[in-house]
Structure formats: structure tokens, C-alpha cells
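You will see two complexes here that share chain A, one where it goes with chain B and one where it goes with chain C.
The block that comes next holds the complex of A and B.
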């Protein structure tokens, strides 16, 4: 499954809820304010293991709009909207954590 | 692949509608079909033909209309939830007449219908993607 997270974990606990829920084959895509979770900060430890496995993505336009391109945590994969569509196609059910 | 999209937020307040539009546009450009977009809750405000943003800003309503999402008979598949729409003052000509209200504000690229259309979209599409806030 694909899980999209659109809020920073400084604002809501949707990322934590998502991480508590997902199975071993799921991937996470950060969109909108959710890309804050992809920044290299104290919260990035939450996703470090998943990112190492290549299972964490962030929407490039939203990353750039928030000025954090140079501050991304390791192993985060950037995608554009076409990449977003491809992730939905590839991973089946898309769950939106809002 | 056949996509359905649900939009739960209005334009300009949250990013959800913009993200949903960019997703739909990218899907179409990459050879996929958007069989329906269902506007629910405050999402019904994406359908107002009275929307007039400043000239240098994106026009969210016209953006949705420009995707030209229709069924085989040419009926709009930008579908607005009727209960969510009426309680927010979003009316088409038929609902305005039925309720003896002068004027209507639904953009012609959209149509008003019931929640069953969302369920149907979930069944008939390969993927249903939800955008909200």
C-alpha cells in the first residue's frame, strides 16, 4: 500500500499513527506540509529505517516550495506528480493520512 | 489505469485541491483515465462559477474545468455531493428552481449528485485517491 502523509509531525501525529499501522511492504509519500518530515531533524529518526529500505518518498515541488531541498534526510527519494501517479499505480490501495 | 479522486477541501484555504488537480493532470498526461472526481465536504466550493481570484493567481475552478472530465455521453464527471453543496449554498439551476431561489452558482463543468456516486467510483475505478486536510 501507499501511504501519503500531508502534515508535519510538529503539527499532528498522523505520521506516527501511519508508522504504527503500516506493514512491511508499504511505502510512504510525503506531500504538502508532510515534506517537513523528510527534513534532516530530530523527527527524521522516525523514518530512517524505512528510508534506508528505499520506502520513503517526498513530492519534489512541495520540498522546494518549503526551502528544504538541501536539508533532506538520507535516502529520501524525490518524485514529481507523475512519480506520485506511478506510486499509486504500483502500490495498489492509497491511504491518505490527513 | 482508471482513477477516481475525492476532494474534501475547498480552494485557496488548504493545498489539498491544488495537489488533487496536479495529480489528476499528471495522471491524464501519462495516459491514465480520471473516471470521476467527487467533491465532498468543503470540497464543493471548488465548483463555484463565481470564483474570481486575482489575475496573477491560479484559477482553481477553471483548472478543474480545463481537465474536461466527462463520461461517454459527455456528462460532467466532476461530481459535487448534493447534501454538502446545498448546505453551503452551492446550487445548480434545478436545485435553485426546486427551492425557489433566484440564481445559481454551479460551474457548468460540474454536476450535483449523491454520495452513491462516490461509492460507485470506488467500485468502478482501479484506484481511489483521497485529498483532504
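The block that comes next holds the complex of A and C.
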């Protein structure tokens, strides 16, 4: 499954709830304010293991809009909109954590 | 018209909601009425003034550049929460270099941004007539 998260963990618990229910083959894509979760900050430990496994993505346009391109946590994979579509196709059912 | 002290509390990042751009609009209106305006950036609001925002990829207006104009409207008190920056792995050097020209000091260019602790912010807020939260 593909899980998209569009809220900052400093603001909402969407990512935490996503992490509580995610299975071993699913991936996470951060979009909109969700990309704040991809920055290197005090919340980064939440996704460190998943990122190491190559299962954490962030939408490049949203990262650049927020000026955090140079501040991403380790092992975050950037995708463009075409990459977003590829993730949807590859992982089937998408869950949107809003 | 009597001058009042207005403080605008900015707690959201730039693009996920309309709070940030709406706040900036209202700030500029207050400035037009020559009120004493100060801004506070806390929680994810600190991302509003991060340097190097580029919104071309999401098709939204990059209004962060407007913050550079605030100095010309005599809005030069921008308080940024130290705790909120630290929590997000940010420092003052990650923020836009916002400045104003001090007419009482031969128009010397001075920084508008001041990093403050929550305790300092508490004191600044207590001096205000009106606090508006965005």
C-alpha cells in the first residue's frame, strides 16, 4: 500500500497514526505540509528506520516550496508528480492520512 | 486615530493552509492604518520565513518575498520562537535576512528578526493591546 501524509507532525498526529498501522511492505509519501516530516528535526526518529529501508518518499515540489531541500533527513527519496503516479501504480491501494 | 499595539501570531507553515498568506494580508492592512505592528513566528509558522522557498513546482504564489517589504511599512519587530526553531533543526541563519532602515539612526539597515525564548515572548505579548492568531 501507499500511504500519503499531508500534515506536519508538529501540528497533527497523522504520521504517527499512519506509522501505527502501516505493514511491512507499504511505503510513505510526504506531500504538502507532510514534507516537513522529511526534514531533519526532532521528529526525524519517527521515520528513520523506514527511510533506511528506502520506503519513505517526499514530493519534490512541496519540499522546494518550503525551502527545506538542503535539510532533508537521511535516505529520503524525492519524487516528482510522475514519480507520485508511479508509486500509486506500483503499490496499489492508497491511503491518504489527512 | 489612537495607535494600538497589534501582535500577529503566526503558527502555520506557508502553503498547507491559507492562514499564512491571510495573516500577511491583514498585517499590511494594519500597517496602512499606521498601527504599532509586531509579528511572532512560532510552531510551524517559523517555516514562513525560511530562506530559499521556491513554489514553482506546486503552482502557488511564493509570497515569502513579501516579507522583505515589511521594513518599508515600518514593520520591523519580527519575533521568532527559539524553541520552535530548535525543535525543527533550524537556526537564525536558515531564515531570510529581513531588514529595515532605522530613520532615527541615519537610515542604517538593521535586522528585523529577533530570536526570542518563550518567556521573552510571554513578556512581549503581555504588552500588546491586541493579539491576533493565525
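Here is the rule we go by: the second predicted complex is superposed on the first by the 98 of 98 C-alpha atoms of A that agree within 3 Å, B and C clash if a C-alpha of one lies under 4 Å from a C-alpha of the other, contacts with A are read in each partner's own complex, and residues count from 1 in each chain.
Simple rule for what comes next: a contact is a pair of C-beta atoms (placed from the backbone, for glycine too) under 8 Å apart; a residue touches a chain by one contact, two chains touch by 3 or more.
Treat the numbers as computed from the prediction; the structure is a model and nothing was measured.
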Side-by-side fit of chain B and chain C on chain A, or clash: fit
Which of chain B and chain C A:94 touches, first, second, both or neither: first
After the two structures are overlaid on chain A, angle v-u-w for chain B, chain A, chain C in degrees (C-alpha centres, nearest 10): 80
First (chain B), second (chain C), both or neither touched by A:32: both
Partner chain in contact with A:6 - chain B first, chain C second, else both or neither: both
Contacts of A:67 with chain B and chain C, given as first, second, both or neither: second
Dominant contact partner of chain A by residue count, chain C or chain B: C
Closest approach of chain C to chain B (Cα atoms, Å): 5
Shared contact residues on chain A - chain B and chain C: 6, 32-33, 61, 80
For the chain C and chain A complex, residues of the former touching the latter: 12-17, 43-44, 47, 50-58, 60, 62, 64, 86-90, 94
Residue ranges of chain A in contact with chain C within the complex: 6-8, 10-11, 32-33, 36, 39-42, 44, 60-62, 64-71, 80
Of all residues in chain B, those that touch chain A in their complex: 1, 3, 8, 15-16, 19, 22-23, 25-27, 29-30, 32, 127-133
Residues of chain A that touch chain B when the two form their complex: 6, 31-33, 59, 61, 80-82, 84-86, 88-89, 92-94, 96, 98
